[in-house]
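Got a structure for you, questions after.
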Amino acid sequence: MSRGRWGGVATFVALAALVGAACSSKGTNSTNTKPIVIGISLSASGDFSDPSAAAKKGYELWAKTVDAHGGIMGRQVQLKIVDDTSSPDQVVTNYQNLITKDKVDIVFGPFSTLLSAPAAKVANRYGYAFIEPAGGGPAIFDENLHNIFFVQPAPVVDSGTVFANYILSLPADQRPKTAGYPELDDPFAAPIAETVRQKFEAAGITTVFKQIYPAETAEFTTIVTKLAHASPDIVVGGTQVADAFGLVKAMISEKFSPKFLFLSNGSNDPVNFPDKIGASNVNGVFGAGDWFEDEKSPGNAEFVAAYHAAYGPGPIDSTSAEAYACGQILQAVVSKVGSLDNGKIIAALHQGSWASVEGNLSWNSVGEPQGQDLLVEWIGGKLVPVYPASVALAAPTIPKPNWAG
Amino acid sequence: MHLLVQAVILGILIGGVYALMASGLTLVFGIMRVINVAQGAMVILGAYLSYTLFSSVGIDPLLSILLIAPVMFALGVGIHRVFIRALRAESGEEMSLLVTWATALAIEGVLSVTYTTNLRSTIPGYAQRSWIILGYRVAEVRVFGFVISVVILSALSLLLARTRFGRSVRATVQNPTSAKLLGVDADRVSALGFGIGISTAAAAGAVFGIIYPFNPGSHYDLISRLLSIVVLGGLGSLGGAVVAALLLGVGESVVAVMISPSWSSFVFFIVLIVILVFRPQGLFGVRERGAL
Amino acid sequence: MNRLSAAGLARGGVVMCALVAFPFVFSQHWVLNMAFFVLMYAGLAQAWNLLGGYSGYISLGHVAFFGLGAYSEAILFSHIGIGSRGFLPLLVLPAIGIAVALTSVPVAWVALRTRHMTFAIVTLTLLFVVQQLAFNLRGLTHGSQGVSVPSPTFSLYERPFYLALLAIFALATLVTWHVRRDRLGLMLFAIRDDEDKARGVGVRATEAKVFTFAVSVGMTAMIGAVWAYYIGYVYPQFAIDPLVMIGSLLPVFLGGAGTVWGPVLGAFILVPAQQWLAYRYGASELYLIAYAAVFLAIILLLPRGILPSIADMVARRRDGRTTPRLPVGSAREEIAS
Amino acid sequence: MSALLEVRALTKRFGGVTAVDGCTFEVSAGSITALIGPNGSGKTTVFNMVTGYLRPDAGAVSFDGRRASRPDPARFYRAGLSRTFQQPRVFRELTLVENLAVAANRPWWALLGRDVPPTDRRRAEEVLADFRLGDLMGNKARELSFGQQKLLEFAAVLMGRPKLVLLDEPTAGVNPVMVETMEQHIRDLHRQGITFLVVEHEMNLVMRLCDPVIVLDHGAKLAEGRPAEVQRDPLVLDAYLGT
């Protein structure tokens, strides 16, 4: 455990130093070694094309950074990124081709559990490690595949747990008595709220509203009308991005403002959330996330700087950080085992903890990460980590103010 | 009870906007027996145009309809020229499904390249205000959207009832062959009809963009609803489309409140299938009598 | 007719032998994976063609039955450790096919009361109804969480799947080929030409249509079941996907609707092209536009599909006169395989 | 002579218009009955109800002593009641032989048998030869002239060995030679025992060929009788002159 951890940290420190000296040290690697080829399938079109684009930035930024510092084991890194058009058939084809036709050395994951799950099975069949940034839905861990490593602090189901822990840590008089749960029928949304609900109910917070709505829901007024009718103290939204905006917009126009509002996705988006619901309405809304720009995780400052240097100013999608972290972890593990052998990589990753911009990660035997996410809150128009205390930059402000309108 | 009334009010307001979107679809079918599967994509295109005008020039999205509708009209006539007319002579109605589907994909593709697949929404000042009438809360933008839909639909039915073009359209809807014999220029009527059908879609798109967030892929959900509406109302019947749209709006909204949003569109689809078992021609459709 | 049938049989035999030999000659995983998807879409196209090509009823809802097949397979085997019994899920395919075909009869009876556009839209509605059921009947389908199917450990993973699909594909082709020269086929062609008239001369139109629909969706369901087992996960939006619907309809129109080999030819051209393009040039966002353009070009330039167009050219050259062009999917005689 | 077809108080409304209004008549076995009347008098609508294409709003149709419960053209055809259309309706993409084979009465289990079994082919060839279409039997129906399509449609219904054939304007739009051919076929088949109900505008033909003649006006029977009687009936003259 500790050796792996220190190994990771050491590698990281070395990398960070190299990033600092990026301009001066041009690659000195030998030209007669072949590059390390990493195969990745991403969606250039379809449902997952947006997050895929963010993941691509993270992967490419990492590869550029590594190459600028001599690569891994003296070999350059070359990404082979192919398009899966957000289709499971194509994702299976792509990983088949990458592994058996192009014989890439390593594969990284695509975006979304829906694609990662079938892809992980292909990788498993050929004994490849499947280091993936975005396949953390429950289905993927139920498979008992030992080659999966989900590069985020916590499985998706647990990303609301940090909020539940925070609420349950409040003194009794500040604690909410009743709760409402609007939940999107989606593997990354409803289960989060369900996990929170179980914890709350066990702690005596009454459920007065629970509603699952389908993915194509465009009309949130009906849901909010009912929610407002039940008038819970706390609203825990198991949401994805689009429906989170729709839900909050409807809450604003229905003038329903609960004392606490947590959304599993959407509210953690630094740009689109104020953009879609109005900047004056954001304050007091909670969200959770695996990564934030201001976070003090290993190498994060360097990553953020490199990102802005490459893609200009503006907020960074956490998916980019997740993808970048996959690269960091690969680099660490390869340095440690001194080989590109996927079997050795898998064995090594199951031991110890590995440093990345996502924090220090470790996994159980089926690839579930063992950490927890960060709780963030909109304070003064900015997204601020507020819990757990070890990473908080400010104390949470409660209760939520009324909508500005 | 309060919830139910609130749901019905909301349903009517939503239904009005759907009626506007569906009106063009049913009109085009009536005139040329073409199901324009790209109608949903046209709505989204309209939403993007009004979004662009609002966010870059600051034109009010509802006013922008006056600019967008003529542009989309021209686009409609163009599409008719290039694709639909070429098809008519050669092959059956079914091929028009494929052609307009391809058109929808092309529009989605162009929008994805131009705007990316990020969700957008048009937020004018009044987007989040609401009135309270008799204790029921009604969002202002929905009322505006509904009123605009009613205005455009009334204008459309006046156009059909009172003008020479309208008479040609009605003649063509009732009997294409004899309309031709009576000297109706079928090609011109089709082109104009297609243009009008698409510009109503665009007008509805401007309203849609204020009420709902959208991205280039939003047209898939829309078109399934629009098709159900026009089939339920009876293909080619404008009044039928309006009634079916209101039915859809109220039905979905009531089911969402009383049962669950998960089942709301399901219930509508089932109603549609049941009605079609008894009336294959839809509520207000005329059974195709062919040469009998 | 007889001479052509014999030649067609011989040609079919050669194609089938080549397809059976294929996975024993080529054993690269990626080649077999590609072949799997080609066969899958060829089979789907062939099954669709049986109803759509022959009777002219354009179904946009076949993929609902693909999904039924996929879910049947997934739910049957999700809690069973497959291990060494990897062939069991492939052996139950006929049962799934028959069960889904029987289930489809009442649905078909209702849907086939409507015609033309209304039928197309009713079947499209069916697609959404089944998809919503898959999302909402959580107890059975796990809703959006999806159902996982255990993976078998075959020595050459893709080969059994390929052979299972090949069997279904051969069945579909055989059925299509047989229907072309049996009385059912004649009835379907008559229905496509003029259904009211056909009823007026004693054609049992409802029986013919419902029977064909059931056979067609039964084969579609079997393909769905193989797909589920191969992919390993069944999610509502992927198992009942309008894009799969389009993917199984496009080869029919490219190759020639109502012909025996047209849909197959269409699939053998389109699927590798599409998969290869996405793999090779995927990073471009112009993918959708290019796809739509190809689609439009096919419809506008080859409105009747490849095989009928070639047959036209051959016929024209042979007797030196121009044959009038027919509407799409109206070739019965000239494409006797 | 017994009534092969009995029509009782048949009524059909389209929207507000009553197209057929309590129409009652009989067709005797072995007759060539004419159904005449001015345009819009409901002749074709009567045809459509009698052959099961339209469901009557009221009234009943009995064929061969049995009352038709459910309107179904296919069942009526198999019982021996067949028709042709005003605009000839043939299967344009099928060959002539196939057109006839479709119309052959076969049990449902024959669906999986040969498309054109040898017996059907022989019979089709005979019938086509009779109609002087023998040379064209491998051609597609769409390649025929208008008149030939009318002949083909007529020929096809014979495959069902009908007892009663309803002809909807068999000579409309065809040349004089073809009119004679058509008349000859009707007479020949009549001699072989087939009963006919003919809608026809060509009065000379009706007068030569048919007996009795039934006159429809405004969807109801106005007159019935021998051709000469009907021709002299003042009510009929009024109806045709539109007073």
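For clarity, chains are labelled A, B, C and D in written order, and residue numbers in each chain start from 1.
We take it that a contact is a pair of C-beta atoms (placed from the backbone, for glycine too) under 8 Å apart; a residue touches a chain by one contact, two chains touch by 3 or more.
All figures in this text were calculated on a predicted structure; none of them were measured in a lab.
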{"item": "From subunit B, the most remote chain by mean C-alpha position", "value": "D"}
{"item": "Comparison of B-C and A-B (more C-beta pairs in contact)", "value": "B-C"}
{"item": "Euclidean distance of C-alpha centroids - subunit A vs subunit B, Å", "value": "39"}
{"item": "Inter-centroid spacing, subunit D versus subunit B (mean Cα positions, whole Å)", "value": "45"}
{"item": "Intercentroid distance (Cα basis), subunit C paired with subunit B, Å", "value": "32"}
{"item": "Euclidean distance of C-alpha centroids - subunit A vs subunit D, Å", "value": "75"}
{"item": "Numbers and ranges of subunit A residues touching at least 2 other chains", "value": "45, 49, 185, 214"}
{"item": "Where subunit C touches two or more other chains at once, by residue number", "value": "132, 135-136, 196, 285, 287-288"}
{"item": "Multi-partner residues of subunit B (at least 2 other chains)", "value": "109, 112, 262, 265, 292"}
{"item": "Contact set on subunit A toward subunit C in their complex", "value": "44-45, 49, 81-85, 87-90, 92-94, 96-97, 99-101, 114, 117-118, 121, 124-126, 137-139, 142-143, 185-187, 190-191, 214-215"}
{"item": "Residue ranges of subunit A in contact with subunit B within the complex", "value": "45-47, 49-50, 53, 185, 211-214, 216-219, 221-223, 225-226, 229, 241-242, 245-246, 249, 252-255, 272, 276, 278, 405"}
{"item": "In the complex, subunit B residues that touch subunit A", "value": "2-3, 6-7, 10, 14, 109, 112, 116-119, 121, 123, 127-130, 137, 139, 212-213, 215, 217, 221, 252-253, 256-257, 260-262, 265"}
{"item": "Residue numbers on subunit B that touch subunit C, as the complex places them", "value": "29, 33, 35, 83, 86-87, 90-95, 97-99, 101-103, 105-106, 108-110, 112-113, 220, 224, 227-228, 231, 235, 262-263, 265-266, 269-270, 272-273, 276-277, 280-282, 288, 290, 292"}
{"item": "Interface residues, subunit C side, partner subunit D - complex", "value": "178, 181-187, 189-190, 192-194, 196-205, 207-208, 211, 324, 326, 330-333"}
